[in-house]
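Listed below are the structures to be examined.
Two complexes come next, and they have one chain in common, chain A, joined by chain B in the first and chain C in the second.
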Partner chain A sequence: METNVEKVKITIDGKEVLVDPGISILEAARQNGIHIPTLCHHPALSSWGGCRICVVEVDGSPKLAASCVTPVRVGVVVVTSNERIIESRRTILEFLFAERNHNCMICAQSGDCELQKLAYELQVDHLTVPALFDEFPTDITSAYLAIDHNRCILCGRCVRACQEISGARVLNFNNRGPHNLIGLDLSETREASTCLNCGVCMQVCPTGAIYDRYRTHYAVKGHDTAWQTTESLCPQCGLMCPAIFSVHDNTVLKIDGKLEADDSRPDRGQLCYKGRFEVLKTIGKRLTRPMLRNGDGTLAEESWEKALDLTADRLRAATRAKKGAAIAGLASSMHSNEALVFFRDLMGRGLGAGCIDTLDGAHFRIVHRAWAGLDMPLKEASWKMIPEADHILIVGADPYQTQPIVSSLIRRTIFENRTKVSVIGQQADLFPFAAHHLPLKEGDASLLIKALLDEATDCGTDDVKMAQAAELVRKLCLSETDAAVFHDIARTVSEASNPLFITVAGLITAADDSGFNSLVHLSRLKGLLPGSTLRLIILKPFGNSSGAWKLGLASEAEPGSKGQATACVLFLAGEQVSDPDLLERLTGLDFLVVISPYIPESLADMADVLIPCPLWIEEDGTYTSLDGTETGYKKKVIEPPSGVRDSWQILSALAERTGFRPGFDTWNDVCKAAQKEMGG
Partner chain B sequence: MGKPKIATVWLEGCSGCHMSFLDLDEALVDILSKIELCDTPITDFKDFNFPDVDVGIIEGSIANEEELKIARKLRAHCKVLVAWGDCAVFGGINTLRNTVPKEAILRRGFIETESTVGGVIPVDPELPLLLEKAVPVNYHVAVDAYVPGCPPSPEAIAYNLTEILEGRIPVLPSDMMHYD
Partner chain C sequence: MEEQLSAIFARFRGTAGEVIPLLQKTQEELGFLPEEAMRRIGDFAGVPFSKVYGVATFYTMFRFTPVGKYHVCVCRGTACHVRGADQILEHVERELGISENETTGDGEFSLETVACIGCCALAPCITVNSDVHGRLTSKKASQVLKKARGAALKEEEDGK
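What follows is the complex of A and B.
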């Protein structure tokens, strides 16, 4: 689109250029390919003008100006580099090196450090000022992040990122002058502070002051010039956050968010503690060779051919012996759409399984039943709508545990838009910021939401209904304070013109749907969003729950309702099975085969065959967003351990051995089939 | 006129910079044909006599009285003084002790070490006394050229030496700079 804004003519380094009014000299220079070094400046953060590395000469003024905070004006003449400017920049760098203890040779960040790069660029080959050699504290209390103040240059990027991107507002400047330190809350340690471990401070830190404690990969790190970077997405929770993986020697060194200078994503491209750190946690011993149960009851490694043959034989035998309900297929919703489509077809059309379900099937059934009660087909709201809401009611859900970026976005919305947020249930990270907080007790959930529905929708209009609502509230036996909070939440919901509701299918336990229906009803009564969309965000337990549910992997009927299966194929994606109900369902089977990246510890006594498959990071595949409307492509980042075959190869081999022709001859065919079914 | 004379010393350092110099491999032959290498730890001289040389090279920081004496002596007997490596240039890894008082360091090293029984801090007059802080060479004597790096790459060392032999005082180009 052509803008009518008149451009400003300025001169940079003797070159006349036309730029947009209001932008900084730094931006103008960068748009015209002129390099100005920076240190405290970060494109995704507000400009601060603190470090003075980006100084330039403006209209020949004797005083140099910081280009990142100096706006362009008509006819201004800028010089970005001359002897005086370079001397000034070099002196600043020397002071930075002299002030704290930057020992590159023992710093893990060496090779990936902006301070170091800048010193090379400006050829700082020695210091002309004496170093202080003072000792500064180091905080290694957190399991995720460490701060070494010896390497801090007080550029304040972390402070700004903590506020502007994550919305956590934990980091700040403590003390003054030479005692100035980056502090957490009121000088807490990292562990004792309210830090949410998102790690955005680490990503923007230009030095090694804030670094990763989660993994000890430094031995294989090498120099950043030898790294490969892969741009992909994080498939952990359905928000599909863009992620940049730095890899060396088939080891992931770090995962960075794709911090956006623009607002193309409301979360501005951050990652959370899960996406940055926990996704790389190993939760057991990797399975690298198929294992079979021996005559003596122990599991022993076996060749791929033998394991696949035996699995196919036993599954075919189970089908023959007991038609229909003989076989159950159970998949993790962390798998890609492609793996799920193939698994569904192999189990259903190929083996005639009586039950195909996902690990989060209980959640699906609650949502499915609630949706069946709606007057028309409706979509779920997208989490991206959070900044536009004027009231957010969170019931039962804990976004910080399941979709942490949602909680970050809510925090930022509270600060930036003054949005009222009410929390019913446990939500530690939002507690200090939410307008209302009401506990959610088991058994009460249904009654509480019903009472809220009545009071919020009929507030002041119908005396009889108000009396009924009052009766419900009385039954809840709320304390006087909680009752006041309850009434205030109800009033806020009733007055809100653009509210959003955030919840989970199982408000208290996975199978508990009390209250969920009332909440769906309440959000329906508050009017729809454009595109037949309900004002309801449903947080789901797995990264591709939406995809799995949409592809029909989750069973509409309760598992076992069509009779007990005698054989089961469990297709895990990197989780350990701990759900007692599921473990009970899996006991007493004649044959259990587990396809899993890890040795499934809780199933070690039950499984007859273990087949290794890759982790999410070792395979390509598409994932579906939380609200089911978007599809994202997750690229393979590293190779699986030697001996592990792709899910595609495993499922193809089983199809071939059971005589099933799935109609997918290549990986591309599966991709196309998945894409078609997802409507993309 | 004879070839330019060069002397090198190794102070509070690990000899890594000298190793890097030797790592020039065949290029070393070319350089050695252009210079006369006088006192240097490479030739295992125990006694530093310091004839007047054209270029003096220091590896390592200055951390005790003996090292200070050698640095001053070399400075007095050379025309151009070069600091090799992070220790000589910035103080390097030796500066880790600077945040702790000297007495505490000696106590920790000689008495409180977990494996030490009945330790004493040595006071032999033969032993050089530790300075309060380990510091870069330019804290005590004027330095003309610097080659940072831990160790500097052979290319950086060769560049620096070649430039000096051709009569220029070089600043290391950005692409040869590294601190680790």
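What follows is the complex of A and C.
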């Protein structure tokens, strides 16, 4: 892109170059392919100038300058490498090695460590100063992250990342001089602190001081040069965060956020505890071969052909025996759009299923009913609008549990934009600097939102309505402090010019509609955002809920309204079924087939056929964003275990055996069909 | 503590720039900085706990354990160092049975070292609360502590 800003002419290592004014000498050098080593500097963080590894000679001055914090000047002459500079860098590195225990062979980070690489680069093969270090503590209280202060070089990257990227502000320097340590909150353990385990500190840590407790030690898996990296996205919650997967030997070693991500994402490319750690957790035994229920009631491994034949026969028989409502198809909203389109067509057009639904269908129905009551078709707001809002009201939702990056953005906006945040309901992430906290009792949600709606929209203008609102508030039996908080929230909502509401369908219980409706109504009254968009973000329970809902997978009618099904196909994507309502729905069927990556433990007594399918990480597919407006492509990162077939192969085999022609002959056809339906 | 903190906060506006004065006033009032007080200061000033704690631990003037009734500071400034501050410190430690930055079990004495108390002409010197005792020898130091202990005992007896 051409800019009108006049470039600055500078000389680096005898080479005259033109650079943008205001950038640092380090940036100027890197743009021109000149290497300057760094340690405390990270491209995604603010510059600090603490480590002095990046020192250069500026205009022949006897005092070396840290290039990461020295801006370019017109005509400046920079030397990035000479004997004096190298000697200075090497001395600093020696001091770092002498100050703490950097014993590379027994470090989890060996092979992927910036300190180690720098020592090789600057040829530090021995120390000219005595090693003075003491033993420092190690904190392994968290299930996700460990801190080993013995490996810490106090570069402060983690402190800056915690503040600038995650917004948690849990990390800071404690004490000073040789006693300086990175501390959490009031020097607490990782577990006792308010740390949110996003792991951004670990990603930016140049050494093995902060490492993850999930992965195999790199030392065992070879150096980073032997790994493959795949850039893809995380499909866990609908925010579609870009993620970089490091793979070796068909094993994911680590998942990193794309921290240098462009400005289109206000989250600055971070990942959360789910996307970085939890996705690597296995939640049961993998299913690698189909299993059939024997005459004696036990499940036994069987060949693919036999399992598919039996499934197709039983499903066809069920359709023949009872027209219409015989079959139910239930899919997890964690599947890609492609898998969902194929599943929907196979179940609906192919087998004439009476009910096709998703595991989060109840949420969909609440949203659907609320939307039907609106005066015009409206869109949901995008989570990317959070930094622009002047007031954020969170009702009943817990973004840290469902969409953790949303909670990170809220934390950051409280500090960076002084945005007022009001929280109604319990939260895992307490947002310590939120303007309001109001507890929400289970039965009170609808009444409370109704009262808020009345009070916030008619504040001081309509006496009758004010009296009505006051009556509602009285019914809530709030304590004196809570009532004051309630009135203050109502006043803030009524005064806000650019508010955003964040909620979940059904607030607390899935059956609770009217509170959700009142909130939709309240956000409608606060005016629309550009593009017929409601000021409302609905947090959804699964990674591709929006896609599944848009594709019509979730049924508008309550399941079972067309009669009880006798056979069911359950299409899981890596979850274990624990919802008692769902288990209830699945009992008493004549035939249950479960397609799942894991052995479904809770269904082991009920299922007649188990068919293995790949995990999300083992398949390609597109996903739809939380607000339903964007589509992202998720790449296959590793191969599925041997013997497991792709979802589309399983579904086409079933289609073939039941005599259904879906109209897709290849994987590409399915992709095109899904793309067309998503409006891409 | 709640009331004392409220009284302190009433004199401030609650901005991030007030953290150090807030910590100072709190310590003046409570004698040290309890964890809860630091949390309250963070909430009041809109500053994360980690930052409050980082600031508090950076400055040696802030304490996180209660001081004794008699707070002994042994000067280790240049002049005192030359005149044998190390021996004085060792002696006081032995006499009180505690190390640097500790408080005796009965809560009577606490011990701390400081860089210079500005009485170099009197080196080596210690302070007990705000009283300076100079030109010390081990013997004189014992007398100073004994006097303080005697005063403490007398107070106790008078109290009875």
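Everything below uses one rule, namely that the second predicted complex is superposed on the first by the 665 of 680 C-alpha atoms of A that agree within 3 Å, B and C clash if a C-alpha of one lies under 4 Å from a C-alpha of the other, contacts with A are read in each partner's own complex, and residues count from 1 in each chain.
One rule holds in what follows: a contact is a pair of C-beta atoms (placed from the backbone, for glycine too) under 8 Å apart; a residue touches a chain by one contact, two chains touch by 3 or more.
Only a predicted model underlies this, so the values are computations on that prediction, with no experimental measurement involved.
Colleague: Evaluate whether chain B and chain C can sit on chain A together after superposition, giving fit or clash.
Modeller: fit
Colleague: Return first, second, both or neither, reflecting whether A:F433 touches chain B, chain C, both chains, or no partner chain.
Modeller: Only chain C is touched by A:F433; chain B is not.
Colleague: What is the contact status of A:R169 with respect to chain B (first) and chain C (second): first, second, both, or neither?
Modeller: second
Colleague: Touching A:G111, do we find chain B (first), chain C (second), both, or neither?
Modeller: In the superposition, A:G111 contacts chain B only.
Colleague: Once the shared chain is lined up, is A:Q403 touching chain B (first), chain C (second), both, or neither of them?
Modeller: neither
Colleague: Would you mind checking which one, chain B or chain C, touches more residues on chain A?
Modeller: Between chain B and chain C, B touches the greater number of residues in chain A.
Colleague: Considering only the touch criterion stated at the top, classify A:S187 as touching first (chain B), second (chain C), both, or neither.
Modeller: In the superposition, A:S187 touches chain C alone.
Colleague: Which angle, to the nearest 10 degrees, do you get at the Cα centre of chain A between the Cα centres of chain B and chain C?
Modeller: In the superposed arrangement it comes to 60 degrees.
Colleague: In the overlay, answer first, second, both or neither for which of chain B and chain C A:S647 touches.
Modeller: In the superposition, A:S647 touches no partner, neither chain B nor chain C.
Colleague: Touching A:A119 in the superposition: chain B (first), chain C (second), both, neither?
Modeller: Only chain B is touched by A:A119; chain C is not.
Colleague: In Å, how small is the closest CA gap from chain B to chain C once the two complexes are overlaid?
Modeller: In this superposition, no C-alpha atom of chain B lies closer than 21 Å to one of chain C.
Colleague: If we count contacts the way the header does, which residues on chain A are in touch with chain C in the complex?
Modeller: 169-176, 183-187, 194, 432-433
Colleague: In the complex of these two chains, what residues of chain C are touching chain A?
Modeller: Spelled out, the residues of chain C in touch with chain A are 35, 38-39, 43, 46, 48-54, 57-58.
Colleague: For the complex, which residues does chain A have touching chain B?
Modeller: 97, 101, 103-107, 110-111, 116, 119-121, 123, 125-127, 130-131, 133-135
Colleague: Which stretch or stretches of chain B touch chain A in the complex?
Modeller: Within the complex, chain B contacts chain A at residues 83, 86, 89-93, 95-96, 98-100, 133, 135-136, 138-139, 143, 146-148, 150, 171-174, 177-180.
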